[in-house]
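Every chain is named by a letter (A, B, C and D) in the order it is written, and numbering of its residues begins at 1.
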């Protein structure tokens, strides 16, 4: 059941110049969370920030949830100023869970802050599946949580755009058809910038057997199916709600071009 | 010259449940201040507080100015949350100086937070005049700066509404015609709630010789004569600007009934 | 807090405004406590709505260009109405025709169903290629309302606009033509530009402005009508708390509608109700 | 950043809007750097304005009911004009008649003075007992503008409204009747209630809504006119920074006017200019 909760900030750390980790005590939401879901955070109770901001749930325990976010605009900038002990009004859990998968070989492909939703996905799927993580970022400093991820995934393929760690280049380029075939990888979960998902879509022509799930983003009004403001066009031309039908979609079913923010 | 200044908060103390003292480093304004003047403080740079809030300058040194304020609404409440080291955008100095007076016997009459402007007035006038301070508040706790004031004024008459200190009752009631005559008190400066000024106006019928200056308040837009939003009706029916013609007026010249907020 | 208008009694004066609470199938617990809910605008044919982005934040406001995405009246009757008929409050379906004929079809499709009434959407700014809103012309308002009134006995609300028209004129036309209440103000026209791309930000180019930003203007419109015309008004525009509700009632509204506030907090209706009861 | 319209060249596109920079006698250093200043509205007779309070804050906006307090055109010419004539920028006097005859008097009094032009205030919402604003009727706009145009060669600006009228219609009327530019949007209608006293807060009961709250609507109005009519527009409504200025220019404004922003910061014009130059 979706609820609003006044969540106390337990910890708030700056991980890189732009990326922050926010740990919130939100038991009413935490007890319900499924991987793939997100929350909407109210940045402030004044009207300078009318709209809540959506963030994936990156970690979840009995009482707490963690958000990993990048400062990109005025809302995330303001959020980054919030201090432990302060409270934030959050709405959640929102969106649908990822499908229930067992005994599969699954690839995860994270670009930059796309690691946030995939972290929780990985910790869930790792229990009953074999995971291969493809993880790319701009620089070494932005490759986060490597130890935790190593513990969850059988194999890690890392890349940075500047070559400061792992392979040099965009992570999508390192998805290898031969390897996927050989390892019998059947499912992919990908999260990252729209550009990455577009590259992925092209690349996937070579992976006809793979079921590619992707995390989509769109500007949101309500986050819970009331306003019809979020959406992604399906190949049939209708819109699906990212907030209630997603945020995870089969990449073959959706038109990424409809998502320009 | 009126300027805007990003003033650092040097100290911010809670004096009573509702009253705060705010010390600001504002050299560009401080060097120009004359008693009677005020500043306009921008509560926040977001648009929840479109209008600046006016406050009397209560103390002034080479570099610093002090504001004494009572939390009465959303702006002062927000202001009370600001911490030392933070900056506030202030506009000033605004309004006109009190008249230049020398070798006079002068009474000051402060009701509650009305002590704020009269404090600076007292420290200025004390240099060349003999001062009599009438100071009333709700309770003993709200009678502030008594030591400082004692050092400036030859005589202090104190009153509280609940009788917890000094005389019991409204301070205006203790202005005594016989005493004023006897002491040859020629000028009065009064600051306090509108209700007090109204009582004073009635009372003054008994003091025909006295020149009564009062500090007036009105909702303000600009604080500097641009918007015609502040004002007090004169006995001729025209409006004077409180921000540029005041805030100090001769009580005989103005219609207090025009000032209901 | 009961309010009665004509044959309908509302358990409290708070409605959930059209387009801000979906079709009425979510947060049923909230809906059932409200005076009523008005569905998203329903059109004759299914509409997929405008390209993204459909919503942006403005100072104390929201600009949206959803563009009436909805399943169309047939699917709505088939799939949604059965769910709504289980609700324990007044249900109004917001109908959005682009021609009189369409309004007539919508009325005929919905006029005999189990709903409490229809809100006639004469003022949606998010339809392309439309020169003027019907609610900008008292004549058009009369024509559409009369055509609908002839075909149903249901409670009728005219959703008017305050864009480029004096709503007193259109309110008079609507009431004279037989509606039971008028509802206003809908969103104001709005646009926003991206100064980097130099293009409008919204997928629909222009949008509708709502939220606290428009509240003083919304209050004015209601007060202004009420000075001249003693009619039942459903007031809205920027309601975010119980004090806002009280202001709208002081201005002359009999019922109020929460719009953008529902997006900020889907439980706002409940919270306001609680504040009002205290 | 120079802008030329007809016979006038502005050193930059930023004007100080009527009513928000007094009569032009204060902060001369700021005024001289601007493209121009428009004075507070001047009437035939001295006006003392509305009772207090005259200004209140709304979400991202300001509601004012100053009521055109001003010394009247005679005193203005005598005491203020000599000061203004020393300014080193364009000076426009905002004239506010309540009848055509008054507009004619104002034009005759000011049409031969050393100012750059007149802004014809057809849209001040703060005059009591006025049913409609002149700027709500294209016909009235034509009539007033034509009468003024006949009597002066000065640069003429029509200050229009977006309250209850399509400003495209009135802009067309104004231009066809001979103004050199139109200026909009003036304040929107607004009211606010004190929920304790249950009365309107403003001394003038109703007021004019300005500030960032109305910006998306103001941008819309300008964009909307510009789609159909290629005329010089002075745009304003909620300008608080350089990006806002850019948005208005993208919407189609040739010049912009800072209003409420001057109250928040009398140096805002300078600050925006600096931001634009960087």
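Rule of thumb we're sticking to: a contact is a pair of C-beta atoms (placed from the backbone, for glycine too) under 8 Å apart; a residue touches a chain by one contact, two chains touch by 3 or more.
Everything numeric in this text was worked out from a predicted model, so none of it was measured.
Shared contact partners of chain A and chain D comprise B, C. Chain centres were defined as the mean of their Cα atoms; on that basis the chain farthest from chain D turns out to be A.
Once the centre of each chain is set as its mean CA position, chain A and chain B turn out to be 57 Å apart.
The centroid of the Cα atoms in chain B and the matching centroid in chain C are 50 Å apart. Chain B and chain D have CA centres that are 35 Å apart.
In chain B, the residues touching two or more other chains are 47-48. Taken residue by residue, chain D touches two or more other chains at 58-61, 211-213, whereas all remaining positions touch fewer. In the complex of the two chains, the chain A residues touching chain C come out as 2, 4, 42, 47-52, 89, 91, 218-222, 224-231, 233, 237-239, 258-261. Within the complex formed with chain A, the chain C residues making contact are 19-22, 26-27, 40, 46, 48-49, 51-62, 64, 66, 69, 211-213, 240, 260, 262-267. Across the complex, chain A is touched by residues 46-48 of chain B. Residues 58-61, 63, 136, 162, 164-167, 188-193, 195, 198, 206-207, 209, 211-217, 219-221, 223-224, 238, 243, 246-247, 250-251 of chain D touch chain C in their complex.
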